[in-house]
Structures are given as structure tokens and as C-alpha cells.
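Chain nomenclature is as follows: A, B, C, D, E and F, assigned in order of appearance, with residue numbering initiated at 1 for each chain independently.
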Amino acid sequence: MSEKPRKFKGGVHPNDSKALSALKPIQDAPLLESYKVIMHQNIGAPPELVVKKGDEVKKGDLLAKASGFVSVPLHAPTSGTIKMIDKCPGPTGISIPSIEITADGEDEWGDTFEVIRDWKNTGSEQLKQRVWDAGIVGMGGAGFPAHVKLSPPEGKTVDTLIINGAECEPYLTADHRLMLEQGEDVVQGTAILARALGLKSAVIGIEENKPDAIAALQEIAANYGVEVQPLPVNYPQGAERQLIYAITGREVPIGKLPMDVHCVVQNVATAVAVADAVVKGRPSIERVTTVTGKSVVEPGNWRFRLGTPVSKALELVGGVSEQPAKLLLGGPMMGIAQSSLDVTVMKNTSGILLIAKDEASLYTSEPCIRCGRCVECCPMNILPATISQAVENKRFDWAEDLNVLACIECGSCSYVCPSHRPLNQHFKRAKIEIQAQLRKKK
Amino acid sequence: MSATKEFTKGLWKDNSVLVLLLGMCPTLAVTSSATNGLGMGVATMCVLMGSNIVVSFIRSIVPKKIRIPVYIVIIATFVTIVDLLMQAYAPTALYDALGIFIPLIVVNCIVLGRAEAFASKNGVGKSILDGLGMGLGFTFALVALGGTREFLASGSLFEVKLIPGWTTDFMLMTSAPGAFIILGLFLAGMNALNIRKAKRERTSYKPAGLDCNSCNICDMTEK
Amino acid sequence: MSETDSKPIIQMPDPAKLVVSNSPHIRSGENISKIMFIVVGAMLPACIAAVLFFGLAAIKVLLFCVVSCVLIEEGWNKLVKRRPTWKDGSAILTGILLGMNLNAGAPWWICILGGFLAIILGKQLYGGLGSNPFNPVLVARVGLLIGFPELMTTWDKPALGIMKIDVLTTATPLGLAPGETFVKDVLLGNTGGCLGETSAIALVAGGIILLAFKLIKWQVPVAFLGSVFVITGIAHVISPETVHSPFIHVCTGGLLLGAFFMATDMVTSPMTRKGALIFGLGCGVITSVIRLWGTYPEGVSFAILFMNALTPLIDRVSISKPFGYTVLEKGGAV
Amino acid sequence: MSIALIAIISVGVLGGFLGVIIGIVAKVFAVEVDERIEGVNDLLPGANCGGCGFAGCTDFAKGMVAESATPDQCPVCSSEDVKNIADYLGIVAEEKEKKVAVVRCVGDAKNTVRSLYNGVRDCRSAVLVASGAKGCDYGCLGFGSCADACPFGAIEIRDALAVVHPDLCVGCENCVAACPKDLIIMAPASADVHVYCNSPEKGAAKRKVCKTACIACRKCVKASGEEDHMLVDGFLIRTNYENPPAAELVEASACPTTALRQASKQAAGAYEGVSE
Amino acid sequence: MLNEFLMITVGAILVNNFVLSKFLGVCPFLGVSKKLDTALGMSGAVVFVMTLASLVSSLINSFLLVPMKLEFLQTLVFIVVIASLVQLVEIMLQKLSAKLYDSLGIFLPLITTNCAVLGCVVLNAKSAPESIQSTWYGATIYGFCSALGFALALILFSSLREKLDLANVPKAFEGTAISLVTAGILAMAFMGFSGLV
Amino acid sequence: MGAQEINIPKLGLFLGVLAALAAGLLSFISTSTASAIKLNLQAKTNRALGQVLPEFDNTPGEEIITLRSDLGWPVKFYIGRKSGEIIGYAGEVITPEGFSGDITVMVGLELDGSVRTVIVTANTETPGLGTAITDRKVQKTIMDLIKGGEQVAGLAPNTYLDWYADKKAGSDRWNIVKEGSAVNGKTGATITSRAVGGAVHAIGKTCLANLIQLSKGAE
């Protein structure tokens, strides 16, 4: 797999703005008085609550248990008392149930998992179980339960594990710092994941704009039989379909999963969480997040516990120098805009980003002038312009024919559109309407 | 419906060209001047009345299955008669200008449409009124279109120059593209009127449109 | 926390002023008026050449066209209660291109009528910028050509010098017999024709600007010019007495203007590169056919207009397979 | 005269030939076309709104003739129309109760907390972004998906709030499916008093984001006395459409947030904070 | 000879396009052009019927009507012939190819009252150049090419209309109004071919 | 109405009888209008002849001599007589050189073969371009109507056609001179101008070559 990575068609090159925080080492966020842990942090079923108001918990204790296979448990970020089980603004704008814990300041670990030192000789089932027990979800953004990806269903085989260190989103540097500072953990986690999948090797893909991380990991990787693959800089290089294509040359069919081309993709932060769970016996209760933006006083990379409110995170970076236009969870291309500072850090919060007024894309949408730029940059090679017109005219059947379901919502098309069309939003809508239609048919 | 209504509906409310969008070919082809429009309109009106009368006469004895061919034969007969009469008595210039479109009155959807939709269901008296009204409406539309095109082309009406200073003819208007465009503008005008009316009466508005159904031919030619 | 208390008060964002919107949250900074004004800029060399050869008359025609296009556009917007759109520059561009499609002796009312045909008939009836299936300027030009064949096919004689309003009529190079046309004149623009048909060098310069700014797909001009060159070349070899050399064909008669500025109008040409190639080829073939065998001395306008009509079909057939589509079809993974 | 004779004979033969062909075709194809479809279609309003559950009026006519539908399914037809169709088809028409749409929210721009939103002006799209950027998760977004869906122009967007004009609404239910917040219900036209709130949150939480929310103070319940005009549903009160209250109840209960309103007056813009 | 047929072809398809310059068959042109798929079906049916009708009526014209001096019956006879022909075609199609019948069948009745077909045969009989009038194959080729011209216009127009569906056309112009304007501009484009024959 | 009820012979009979009736009616009308149609066509020719010939009292439409021009085109000569005396000829030719099809040109000739008047009786030229050459149309304006209607007698002028008056055809065709002092051609309609000129020349030359035969009349 040392051949040159393939370039996928399309993509864009936004100004990456990573310099704001790329050189800032990861800092541990200080203990807060209280945390609000949102119940539903994974794709799939929300977990079932196992604590009630007034219960005392230790750090790492179970708060909620998995309610099915596609569901993960939730653990206490610190020791303290369950103050309230209430609603808290979720990232999508709707309030969702959350557990508020008042910290006792001790930050004392409870009975965590047994440490598996000799993971190299441990059965894959046991490793998978540990990943599940630790409540690990994909930390690259989607929040898909990691153990599910590690368990190929009957009849499907996996021959390649790819660890996604592309971090192609502008501004975000959390994965970059993680690879630099915890390279050992990254590689070890990778090797554990490979073992859980029954594989001997794995590839870590990193964009070439992070040469230091590539160098750092290459040194360690050899010891674990892991390969490091530099990738061309092109957004969305980190999207799993594009990543798989770049590294293996395989195209994931529309409507299918990486598993269908025998690949599994996990984020580097996920790998670190796996290493923590196996080697240190710790559940997933914290993550590294980049807090950045042009108006942020001191951008940086922080290790936050789950349930840290954004307002507290912003206090840590010294607040803002001017009123920003937008507050995002995630990067500028795919992140979700927030209207409240009460939202909290979750397992998949890779960045807290403040978009300044001058770079925010606050425009009225104009009619498409058919310039074709969106077509050219779409990494999925579909026709954003035509699809958006179909959606505007509520012709969802047509949008479906035009393969809107293939859209990965990378936002490249909206990024380049000179008419400032809300293409991405149209596609999101279309996908939902089409899926509703399909469900109705069934 | 009262007799006057039978007569007037064709003039405006159900105007064959502007509302029902039937008989587009002659409408477009011969309206390069008001005079031609008038000639074609009158010719069509004669056929329309003749066929309406005969169809209404024999409506009870026509076997259902072959009523369309029967109507067509009747219409073709009238068209040929009009053709021959015009050849004999109309000014040659007019006959030359209307040219091939006289025989084509046979397939003008209005004529067949009225035979099927009206004359075959109503008495002779009503059918005459219907034919007259529809025919006048058609003539009116053709003259209006022809007049507009003639005026926009050369500033004249019925070959009388209204704006003496207008020296260069704007040939686009008398050419084929002009025919389509001006008719389009006419329809838009009708739509604008209807929109205003719908707004006033707070009813729903539908743009004038021609689809397969307008001419009913599909429904008529039962298998 | 006591620690934060001692620090100076830190400013926090006001949540009430945060905007929510769908991703992406940053944009490339392109916008329509920027694009249009770059094209206007690319037109400038040709405009200057036109003014050099036709003098004040050219300025008069261009000015009439631009002003009438903008006024008519705004008048229409008022009428249908839409917000003003002249700032997006497309009406200005349409005006300039319309002027370039007329001859220097065009009377003022031709300019106004042309502006009306372009803006109302060609563009606004379809809903304005972006919705029109046909190139507005060509709708106007062809409408005028059909409407006033005589006026629109008598050309003014060029003569260096700005201060002149009177013009003599002459034939366009394509109207002359082969051999009467001189390469140097054609390159510089010292030939009869409409304003935009004159200086090949200026037009190519404009085209290069457009290509450099990536505003047009190179496939269109290359396929357009290439196919005209090849077809007229073959005809020239077969019959050099009646057919101009392909070089003359490419450099005259608005072909360069059409290939760089009008066939490339993105609104009315195919979106994909494959489609653009087909589009350019079609334009070239039709132009050559009309030039060699048709009535009109010039086929560029008709060719582009015809291909505009074909654009939806081309768009349909030139869709490429989405990423991951082929694999699915092969049934590789079910 | 020989020409005439030839003409008559040849054309007569041709005509006869055609007649025979048609006869054969008719036999071969023999498709049963029910005339009544056309007849019923003529009696329908032709609005093609789909309120009957069919793809359009013609489709519905087919359905009625095939007896898989009944005339009263058409929401647009007046009871007289329904009767005409029933008579034409020789069936007994059922009386149907006319229903009109009610948007259960009166949180317009002035009375609710909302964030700035930049995106597609359509409720079903807006709801994908921060759930529509409205403080209340349950309230009307005011981008008018319902108004777009209404073929009768019965919904007006006023101050970022959908307002139904009961006199224009024919009860086709198109708007119900269009609203991403499931705000619209169909209530009997005879009921004029509705609780214009749909948030099940606690009163205090609602007040934080909306001045016109129902805070479940139960004044209206008390004002209806013995009668069960109003039903309590958690932190929300609903009109009991089985036994709807008279218009006076609005006055009598003096709803502190004006969530209790009369549909007719609401349409006319008669309530506080609602400008013309 | 070859040259002459080339002329007929180009002339009938591009220069004297049936719909766009001769105004024949405008109703189906406007009526069945909402969707490209239906336009394709209609085109197929028209090409088929027009070719056949030209052949048959040219035979009848030159072997029956002209020798017997019955030219005044042309209109009557032609329309009857077309009507029978369409019916015959329908029977045969259904017997011979169910698939073809499914795609073209519904359009056949429409064609009976289509000006284009009658116009074509009347033109053939009355005002076409000698070469077409006098020979059955000339007439057939003319009919076929005219129908192709109709088909070309119809297909182009329907694809344009599909595009118009997405445009934000002023309300008064929605529907047939803007379609007619579009047809007008399409006719302008076709005028460029004038003089090719 | 099921398929069973269809009575094929009856359908055939009905339509057959109807068609036969129609045919009968048409034959009747056709025969009875035949003479009127002929008259109408004749009147058309006479009107044209009346425009190019001096006042005559015969029916020139019935006295025709067809000759061939040196290009091989058939030229029809109508003989105009007054009280039996030949007073002029009208030559008619159909030229295929028109811009878009045939042009029928009629020329009134003096007894010595010089051109009297030229008219174009049929053409399909481009309106506004070609027809500028061919049409002699009186353009009434609203002013004329208002002023009241003394009709201008005689032919409407057409500079291009009137140019030929009093000229005699030489051995060469007339050259087309555009917008010069000798106006017989029009910029933008060179082809039409040339075709008309050629036709006039062909008629004039044929007339000159056959003056003797023509002077004998058609008898």
C-alpha cells in the first residue's frame, strides 16, 4: 500500500486557518463545578439511565447502559452527585434529556475496567466488548458506535483498517495535536483495533500539510506493523469514501458502507480512546477539542470532559475579542451552528469554532447561474446545481434520480457557489424527504 | 343555459384560441395581418356552423362507435365546399394567403371539438348559436392577433398605415417566431387578467395551459 | 471559581446575535457581480478597438445599449415587484455584448428595441438571471436580424480616428470574395462588420482573460473555433475560389466574440465539461454550414442560439456517473 | 355526371372500408369506458387538491364510480355538490362535518424568542438547522411551508406566524402534512375556540421563550364550569372538539397569555401583539 | 438525384420545419411536450404514421384522384384515409408488437386530428415540387423527413420545457404563455438555416 | 356497451353511405363552381394584363403565343388589341433565379419591343428585402383615409421596376447597379434584383427576336 495515494475528483481548498491553534499543545481543562452530560451522544438508540437524582457517582461510573447493539453506555466525567435529570440544548437545537452532575472536587476514579496489558494475545471478542463497555463512539464527527464497526455482519469480511488522521476541515487541529503528542497511543489504539478486526496491519492516512505528525507517527508505527500514508491536501480528504479511494482505490458504492468494500475507517481520536480503554481501563469520558476562531482571544487545544458547557470552554480561552457571527460545534465546513452557549462538549465534538463576521457566509441566495463550479468540485460527482433546483421545486423523486442520496454533505458545492445557494441544506432536506418516502413505501 | 349564454360563451369565457388553446396552427399561420385573420376566421366560422347543424341533425342516428369518422367526413365536406366557394368568389389575394390552411380546417380541433362536445348533444338551434359564438370568438381572436402583429410590424392595421413616419417594417413580427411570441404575450395577458380576477374573488388561479386533455381527442377516439 | 474571579472580565459572545445556518459556514468569496464585471473587463480591449475604428458612433451605440438594458431591467423589476438586480452586472454585460453585436451606424431605436428583446424577451420573461434558456443578446440580435434584415446586414466602413460620426457602408470580410480580404486588417480589426467583429487580437486577449480567471470552460472556444477551422479548411482546400481560408473564417464575422463571450455564457450552455465540448462542436458545425451554404452571411448567432436549445438535452446525456456508481452497477457489492 | 358517379362510388367504398375497420378495432379492443366517470368529473370542482386522497379529481371520479370512494371525501365540495354527485351516481350521500385547519401556535415574531437564521426560507428545510432557530421547539417557524401547500390560499404568514383563514379553508388537509412541527390539526368548523399552543414543556420553560404560550393555569377549564369543554393534557390545555365551547369562553376565562383565542378573530388579527 | 433528396431532407427537417416555420401540428407540439419521454413516444408515432400516410395518399392521389379528375375530393379522401390508416396501424401494432404498442399506442388517436399529417399529404398533393408530387417515393421521403422535423422540434421543445419547469417565471407567463415564447425563439434559431436548400 | 353489440356491416354501411353522399354533394358543388373558379383566375390574369397593357377591348388571356427565350425558358405572350388592332404585348416568364423560389414576371411591351411596364405577379421572396423589388403596393395611410378617398389611378410606383420603362433589351443582361444613378438593384436583395432583371431581359429579348411573329397575332 505504499503506492501513491489516488486523487479523488473534485474537492476544494479553503484557507485552512489551522495556524491559530496548530502549535498549541493540548491542555487539560480544569475541573468544573458541574457537568451536563447529554444522554444521547451516539448514532443509534439512546442508552438507558441507571442513576437517579441524588445518587453519588465516582468518575467513570456507569450513568446509562446500552439499550441495544447499536447503542453505547455513558459514564460519569467526574465524581459527584447527580443533581438533576433535565433537558439541555442539544447540538441540533432541540433540547434533549441530560444528566447534571455536581462535582465533589475529588475527581476520584470508581471501579473502572480491568487493564488489558497483553492485548496482543487477547481475543478479538474481548477487545470488542471492551470498546463497547467503554462507550466509545466515532470521534471524527458522526458518533457511530465503534464496536459496531468492528463487528462485520455475517458474510462480510474486512481486510483493511484505515485510521483517519486527515483532519481536512479548516481550523481544527485536535487530531493533529493528538498525533503529535500521543503518537504512541494513536498507533497502539490502531493496532488494537486491527487486532479486534482480526487484521495484522492498518493504515493511518494523514494530509501532507501535517508533516510533523507524519514524521512522528512513522517512527512509532513500524513497531506495531502499522503504515502511515501521506495524503494530498484537498478537502474533503477525510471523508471516508474519499479516504478509502485514496488509500485502496476502492469506490464505496452509493448507499453502501465501507464494510462493503472490506474497509473500516476510524478516527485517530477514536484510536486513542480505544487505547485508553484497553491499556488503561478507562471509559470514554473526555476528548480533545480545538477551541478556535479569529475572534477567540487564545485559541488552543483542550482536553474537555463530556458535559463541559461551551460557555466554560470559551472562558478558558479568554473569551472573544469581538462578537462573532456564528458559534459552531465542529469545523467550518461541516460543523453545526449553535444559538446557545449552554450546549456541551460531547464525544464527537472535535471543535468549538467561532466564525467572525467577515468570513461568515451570510448572504441571500441568488438563482443558480449554472456556472458548473459545484459540479466540478463535488467529490461524489453528482450535480448539485440541478438537484438543488429539483428540491426547490419539491421534485424529490427527481433529486433521487440524480443521486442526491450519494451526497456526503461535505459542503464543497455551497462553498464555491458564486450565487451563495444553500445547496447543502437542500440536499439534507431531500435526503430526509426521500427516506421518509421510502419508509412509507415499506 | 340560456340561448344568449350559448352564444356569448365562445366570445370570451370559452374563447377557443385564448382560453381553450385549440386550433393553434391556423391561429399562428394566418395571423400575419388583420385581413388574413378575418378571412380565416370567417371561413372557419362557416364550417363550424355547417358542421354543427348537420351533426346536430343526425346526432340520434349516428352509431356511437363511428361518430368521429362521421363527423370528420361531414366537416371535410364543408371544408371542401368553403374551399371551392372561396376559390370561386373570394379575392384571389386572400385565397392565396390562406393557402393550405383552408383544407386544414378539417383538423382544426375546434370544429371537431364542438361537434363532439356540443352539437352531438344539443338541438339544432342551440348548435347554430354555439357555432356562431365559437366562430365569432375565433374570428375575434384571429383578428386581434393579426392586427397586433401587423401593427407591430409596420404600424398599420388592415393595410392602412396608422403611423406615417414608420418606414422600416419590423419583419420579426410577421415571421414565424413573431407568431409564437405574440400569441404567448396574448396568453400572458389573459393570465394576468385571470390572476387579478382570482385575487379579487379569492379563488384559486390556474394558468392557461394546453395539455392532452384540452382537445378531448383522446377521450373521443374511443377504441 | 476563585481563579477566574481574579482575572479581568472576559468578553463572551452574545447568543442572541449568533446566526444559525446550515453548513458550510465559510464561502469562497466568489459572487455573481464579481464574475460579471470581470467579463466586462475582458470586453474592454474589444470595446476600445471598436471605438478606435468606428469612433464616436461606436461609443454612442454601446452607451445606448447599456443604458437601455439597465433601465429596461429595472423597469421590469419595478413592474413585477422584484428587487433591483442591475448591480449584479449581468444587464450591463448584456448591454455591452448587444452593442458589440450591432454595427456602428445602428440607429438609436434599434439599440432600445434590442435591449428590450434581450432583457425582456430573452431574460426576464423566464424569471431573470439564470433561468433563461437562450442567450439574451443573441435573442435580440437574431430578432433584429430577422426583423430588419437590411439594416442589420449593412456594415460601416472602419477608419482609424475617433472624431467621426458619419459612416460609410461596406461589406464584411465574409461578404467579399476570397482574396479581397487582408489578414492584417482582420487581425487588427480594420474591417467592416459589427462592433465586436473587428479586432481579432483584442477579442483573443479578452478570451485569455476569461480563461485565466477560469470563468469559461476552455472546451467551448476550443471546440467551436477548432471545428470551424477544420470544416472551412476542408472546404477551402476543395474550392479555394469560393471559400475563404480557414484563418479568415476563424478571425472574422463575430466568431471570436461568439466563441469566447457568447457561447460561453454559463447560463445557457451545458454545465459539465463533456457537455461543453459537445456544445462547442455543435456551434462550430452549424456556423460552418450556415456560412458555407446558408443565406445569412454569418452563422455564429444562429448556431449558438440553436445549441442553446439543445443544452438541456446535452446536459441530460453528459451527466457523468457519480462516485461509487460504477461499482454498484457491476454488482460488485450487493 | 360520370365524375359524380365515380366520386360517389369510390368514396363510398372507402368510407365503408373505414367503417368496417373501426368495427373490427372496436371488437378487438373493446375497452369498457364508463361514461359516468366523465359525468362525475364534471361535477367535481377541478381543484385537484388531493384532499380526497386520490391523485386528482379525475382519479377520484374513477374511484367513486368504482365505488372505492364516496362523494363526501371531497373536502372542497359543498354539501350540495356532494348531493348532486350522489344523485348522479344513485347513491346516498353521507353528511360530513366540515373541518378547518388550526395552527396551534400564536408565537409570532414579537412574542417569541428566536435566533437569527440564514438559509432556505421553507419550514421543512429550516427545521434541519438548529430545529428552525426558534426558542420554542414546538412553535411555528413561519416560513410558510403550509401556506405553500395550501391550494386555496387559506393560510397567511403574518409576522412569521401561520394564520388560517377559516372561511377560505376547505379542509383538504394538505397543510397538515406540510408542517414539520406537526402544528396543524383539523378541527370541526363549528368549533371557534382553540388553545393556540402545542408545547408540552413546563409553564416556566415555555414562558422563557414565548409570551403567548399556554401555561396551563386552567382559567379556561374553570370558566367552562361543569362542562368538559377544555381538556387538560399535562402542561397543556386542549379544546374538547367533541363538546366545543362557545365563543364567550374566551372572554370569560381571560387567558393571561392570550393562548386561548377565537379562530375567526385570530384570522382577522384582533389579538394583542398581532398587528394588521 | 441524391442531391435532390438531400435537399428534401435538410429542407424538411431544418429549413421548412413543419412546426416552426410551417405551423403544422402545433397543438400536439404544445400539448405533448411537457415531458421528454412523452415527446419521444409521440415523435415515434408521428414519424410512423406520417410516412405511411404520405405513401398511401400519394398512391391514391396519383392513381385514383388525378386520373379521374377528382382533385376536389382530396381533402375528404385524405382525411378518411388517414383515419383508417391510424386505426389499421393500431390493430396491427397490437397484434405484432405489444411493446411498441405500449409506447406508441396512446398517441395514435391523437394523430388523426393532427394538422401535420393532413398538412403533409395535402402539401404533397398540391404544392410540392414536381419531384415529390409525381413519385410515390418522393412523397414518402418528404413525409418521413417532415415528420423527423416535427420530431426534432418536439424533442428540443420538450427538453426546454422541462427546464422551464424549474425557472421562476413571472406568474402571468406560467404555462403555455412562456412555452409559446420559447417556441418563438426556437423558431428564430431554426431560421438560421434558411437558404440551405 | 359491450363489444358484442357492434354490428360491423352496419358501421361500414353507415359510413359508406355518408361518404358517398358527401362525395355526391361535393361533385355537384365542384361542377357548379368550376366556371366561377375559372372566371376568377381569368379575372386575375386580366387584372394583371390591364396593368401592363394600354387599354384593350379583346381578351388577351385567350390569345397567347408561347415562345422560348434564348435561355430556354418558355415566355408567354398575350396580345392586346383595340378594335382588332394590336396595341401591345404582355410577356410573362417564370424565372427560377429568385432568392427563394420562382418569380413570375410580367412585362408590358410596346409594339417596337421596348418595355412599357413591369410587374411581378407571383413571388416568394423575403418580405421587406426581396419584396421591395417585386411589390407595387399602395400604402394607404391613415392620413389618406382622413383626407377622403380620391383613389390614385394607375400602378403604384416601384423605383426598381419602373427603371426598366422605355428601355429595350440589349444583347447583354442589365447589370445590377446598386444605389447608383441607374437604380435597378437594391443592396441586400441583389439576387432578387438580378432575377427580375434577367426575366425582364429574357422577355424583352424574346419579343425583339420574334416581333414579326408577334405582330401577326395568335391566328
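Operating definition for what follows: a residue touches a chain if its C-beta (ideal position, glycine included) is under 8 Å from a C-beta of that chain, and two chains touch if they have at least 3 such contacts.
Predicted, not measured: the structure shown is a model, and the values here were computed from it.
*Asks:* Between subunit B and subunit F, how many steps is the shortest route if every step has to go to a touching chain?
*Replies:* 1
*Asks:* Determine the set of chains touching subunit B that also touch subunit C.
*Replies:* D, E, F
*Asks:* Comparing centres built from CA atoms, which chain ends up most distant from subunit E?
*Replies:* Centroid comparison gives A as the farthest chain from subunit E.
*Asks:* Report the inter-centroid distance (CA atoms only) between subunit D and subunit E in whole Å.
*Replies:* For subunit D versus subunit E, the centre distance works out to 45 Å.
*Asks:* For subunit C and subunit D, let me know how many angstrom lie between their CA-based centres, rounded off.
*Replies:* Going by mean C-alpha positions, subunit C sits 48 Å from subunit D.
*Asks:* Measure off the straight-line distance from the CA centroid of subunit C to the CA centroid of subunit E, and report it in whole Å.
*Replies:* 35
*Asks:* Counting in whole Å, what is the centre-to-centre distance of subunit A and subunit E, each centre being its mean C-alpha position?
*Replies:* 61
*Asks:* Could you say which residues in subunit C touch two or more other chains, in rising order?
*Replies:* Residues 15, 17-22, 121, 127-128, 131, 143, 146, 149-150, 295.
*Asks:* Note the residues in subunit B that touch 2 or more other chains, in rising order.
*Replies:* Only 65-66, 69, 73, 76-77, 80, 84, 171, 175, 177, 181, 223 qualify.
*Asks:* For subunit D, write out the residues touching at least two other chains, lowest number first.
*Replies:* Within subunit D, the residues that touch at least two other chains are 3, 7, 10-11, 14-15, 17-19, 22-26, 29-30, 115, 118-120, 128-130, 133.
*Asks:* Can you name every pair of chains that touch?
*Replies:* Final set of chain pairs in contact is A-C, A-D, A-E, B-C, B-D, B-E, B-F, C-D, C-E, C-F, D-E, D-F, E-F.
*Asks:* Residues of subunit D touching subunit F in their complex?
*Replies:* Subunit D residues touching subunit F: 3-4, 7-20, 22-24, 26-27, 30, 32.
*Asks:* Would you mind writing out the residues of subunit A in touch with subunit D in their complex?
*Replies:* Listed in rising order, the residues are 92-95, 336-339, 361-363, 365, 422, 425-426, 428-429, 432-433.
*Asks:* What does subunit F use to touch subunit C in their complex?
*Replies:* 99, 126, 128-129, 187-189
*Asks:* Going by the contact rule set out above, which residues of subunit D touch subunit B in the complex?
*Replies:* My answer: residues 15, 18-19, 22-23, 25-26, 29-31, 33, 38, 47, 151-153, 168.
*Asks:* Within the complex, which stretch of subunit B touches subunit D?
*Replies:* For this pair, the touching residues of subunit B are 65-66, 69, 73, 202, 204, 219, 222-223.
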